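Shared between the two complexes below is subunit A, which has subunit B as its partner in the first and subunit C in the second.
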Partner chain A sequence: MSTGLLASAISIIIVCIGVLGLILKRNLLMKLLSLNIVNTATILFFVLIVYSPGDRAPIDPSPGLQYADPLPQALVLTSIVINFGVLALSLLFTMVLVKRYHTLDLIKIEGFVKREFEEEKS
Partner chain B sequence: MTALLVGVSSYLCAGILSILFSRYRFWFGLIGWLGGLTGVSFGISSYLGSGPLVSTLGRWGILGIEIVIDETTLLFAGLVVLLNLFTLIYLRSSKKGVFYCLYNFLLATTFSLAFSHDLFNLYVTIEFMSLVSILLIGYERKAYQIYAGAKYLIISSLAMSLYLIGLGFVYRAGGNLGIGELTRSLEGTEEFSLSLGLGLMFAGLAVKGGVFLFSMWLPDAHSYSNTVVSALLSGMAVKSGLIGIIRVSEMLDRGQLLLVLGALTGISGAIFALMSNRPKKILAHSTISQVGYILLGIGTGTPVGILAASLHLFFHGLFKALLFLSVGAAGIGGSNIERAKDFSLPWTSKIGLLVGSVSIMAIPPFNKYFSKTLLVEQVNQEWVWFAMLAIGFGTVLYTLKLGWALIFEAQTDRAGENDLSIVAFAVAVGLSGFLAWVILGSAEVAHLLSPHHLITYLSIPLLGGLALLGLRKRLSSLSAPYFPFSLENSLVSLFTGFLVIELILFLN
Partner chain C sequence: MIAMGNYSVSIKSLYVVTIVILFGALTIGALFVAEDTGISRLGAVYIERSQEISNISNAVFGVYGMYRFYDTLFELLIFSTAVLGITIFSDLEPSPGSASRGLVESHVVSASASFLYPVIAVFGMYLAFSAHLGPGGGFAGGVIGGTGILLLALAKGAEETARKFREDSMKQLEYIVLFLALSVAILGALYPIKVYQDILGTGVITLVNISIAMKVFIGTWAILHFFVKHRGEV
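For the complex of A and B:
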């Protein structure tokens, strides 16, 4: 079994776990945690697919060695930063919602929000 | 390259300066707009000089980031600059410096997205754009806005993770990230992992692009946010995903998939728009419905089809922003139109609504007629033609429902000081039909305006009007169900949509 296939299999399984959590959990914080699992699995996927020609670090100049691909790791840095931003912002939003409604239950929050909007506009 | 750098850097500078020296925020916004305009003019002069051009940023050969200047780029960048001008005049100095900062950042990211021709660059610009637009959605800190923003954030973050995994698969198959290079290296490869990766990328972009089943966050986010924000989101932020889809289809053509998604999106968006009864909700669902046309245009796969899709994207941005601004200026965006007799709209809003409604119904010589007729011309399968007619019919019905209530039933009020900008915008939208003549050339426009076409496409609005007269009572008592748009169900439908994409990709 090639490393690439194993990598994609492992990370896709973790993504599926995250997506399941995202769909099944009613708690907003748990949803954010599941989202973070999906994002981290994506990063894992990128870290694992670099071993396609070889597994050496691309710093040794001697010929004949099979190097790991450096580009995906550069991409991963960007996406880690973006994920950090997303997590910070979503926690902020959760904080505002919890301060206002004193619950993390999404279905309750949805009901409150809808009622409030209709009251304000009528 | 100059075009991109001038535009993006001036928007970024305007954003940073307007938070530092917030007294002069309007003037910084104007300077940013001038920079954007200069960028677009550079782009147009380069396009007229050497035609469509793909070049590489940086001196690393194929490792550099590809940028592109073609019709789609110029139309989208032009749309950004036009919307910037009219929303800036509408805003004057009514918001704080922070709002102007985010506003300019949104423009910077959408502007740079127009030029990007690299899969990872698309990811970064789209993700940055959605972070900024989420901050703008929650800007007034009302609970429903925060909730709509959180919903958008969760769904779009999941979508961009899917996109990134898809990008990994495509990178492994093609060994590059630039779309021009990938097109060459992927020629003729048919692998399982490539197909899976492409499906994942389409799913991610479809969430951003307002495709039905994927973009169930859209109606809430677009209808709960501030007027200017709604106009910008519907006008250009949604288009970012569609630009991404256009670029990915350049690389690997999956026309059948886009045709199916387009027909589904267009028809279901129109049905939901018809069932809603708050003006901003109707407009938000209408955005989904119009995205259907654009997808159908991309799905035809011909260069003229993609040009028609870009043209439709441009025109839709203009008239939808006008409709949102007119409704928002009157302050009735969230009210139920069953009580339209109690509303009082300034006459400027009524003019804006009139021009916008006539445009969206595709009545010549208003702008949408040209793009839509060009799209219908490109269709080579019969069922797509019928789907387009159905979308057109639905569009006419919900536009008449909205326009009738707001223009004829509501009372007319005096205009405020800010509202005159809407009239200027309405005139610009009304005149934008001439752009079709500039872009397509007089022979094509004369062909589109031939009696055969006029009779075929004017009969749809007429039929729609007749149907509405009969159904008015029934239509006003309808109400759209909310459950498809709650967070959990939109996640489930995103997953279903992804399975549908994979199914279609494997069946072909």
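For the complex of A and C:
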């Protein structure tokens, strides 16, 4: 069992905390924060799962030496940028919702939307 | 009804907590049971190939710039879609008009920002230009440049910074850069490795990295500026 494995176990615990916040919190901003925590922990997991002490960075490799795996690092790059885009867009939608309903509480917003829908129907 | 609602909510959260803890315990258990095989086979192949190609010594760039270039391309498309959404909304919704409120009036911040910004910009450009040789990359360089502009906005005010950087023409440049990246991708689809190694040499690699860096730089600044504009000052 290496240090990388232990650390990636910790990153899984952080993912669990983020998922709990994502489901249990009623505040929209808190939900987005939890989503960000999940993403950061996933990045941590990807980087650590291939880490073992003594590995070199995969730059200018020469045969016969131990190198870290370049694949997860390249995937993490994608994850970071997409997280940035998703976070920006969802903050924008949160702003729209707050401007319209003046609350961040998801259950209250659901009630407002339901009421509007029923008024439209009748 | 209210008491009923509270009861059902607490039972539901109990279920959720149990399921998440179970999931975490199972995943950690699987992590410890699985044997440590070291580097994956695919990663070994990537490292082996980057020894053969002489002008790419960063194996991570080899993965996202060559073998998985479509990943990078669609990632750019997703990023520009997010930026486009924010730009459209920014045009629809007028800003509250409190833009000059709360400017940081500290001589230390303004003096150090005008001193530090060129250094940050050069560092970002260096990372973008040398991505195929060492640590760095277009994304990292672009984000460093964008946050450097945020520092400038912190010191001098967002509107003035946006005027200084000619944001409208920057937004057109963004699409030109996207077109450049797309055309390089089509070239790469026609002649996979040859484009990088034989036909155009290192120039096209730098072109890809610079276009990614410009795209991320402009996008980051557009997003940051939108949120600054709709909240007031930084």
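One rule holds for everything that comes next: the second predicted complex is superposed on the first by the 112 of 122 C-alpha atoms of A that agree within 3 Å, B and C clash if a C-alpha of one lies under 4 Å from a C-alpha of the other, contacts with A are read in each partner's own complex, and residues count from 1 in each chain.
Operating definition for what follows: a residue touches a chain if its C-beta (ideal position, glycine included) is under 8 Å from a C-beta of that chain, and two chains touch if they have at least 3 such contacts.
These numbers were taken from a predicted model, which means no experiment stands behind them.
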item	value
Touching partner for A:9 - first (subunit B), second (subunit C), both, neither	second
First, second, both or neither for A:59, with subunit B first and subunit C second	second
Subunit B versus subunit C as contact partner of A:31, first or second or both or neither	first
Which superposed partner A:94 touches (first subunit B, second subunit C, both, neither)	first
Which of subunit B and subunit C A:82 touches, first, second, both or neither	both
Contacts of A:46 with subunit B and subunit C, given as first, second, both or neither	first
Touched partner set for A:117, first subunit B, second subunit C, both or neither	first
Subunit B versus subunit C as contact partner of A:19, first or second or both or neither	both
Subunit B and subunit C contact sites that coincide on subunit A, given as residue numbers	8, 12, 15, 19, 23, 52, 71, 75, 78, 82, 85-86, 89, 96
Complex contacts: residues of subunit B adjacent to subunit A	63, 120, 123-124, 127-128, 131, 134-135, 138, 141-144, 146-147, 149-150, 153-154, 157-158, 160-161, 164-165, 168-169, 171-172, 177, 193, 224, 278, 334-336, 482, 486-488, 491-492, 495
Interfacial residue positions of subunit C with respect to subunit A in the complex	13, 16-17, 20-21, 23-24, 27-28, 31-32, 36, 38-40, 42-43, 46-47, 50-51, 57-60, 62-64, 68, 71-72, 75, 78-79, 81-83, 85-86, 89, 133-135, 137, 139, 216, 220, 223, 226-227, 230
Subunit C-touching residues of subunit A, taken from the complex the two chains share	1-2, 5, 8-9, 12-13, 15-16, 19-20, 23-24, 50, 52, 57-63, 66-71, 73-75, 77-78, 80-82, 84-86, 88-89, 91-92, 95-96
Residues on subunit A engaged by subunit B in the complex (per definition of touch)	4, 8, 11-12, 15, 19, 22-23, 26, 28, 31-32, 35, 38-39, 41-42, 45-46, 49, 52, 71-72, 75, 78-79, 82-83, 85-86, 89-90, 93-94, 96-97, 100-101, 106-107, 109-110, 112-114, 116-117, 120-122
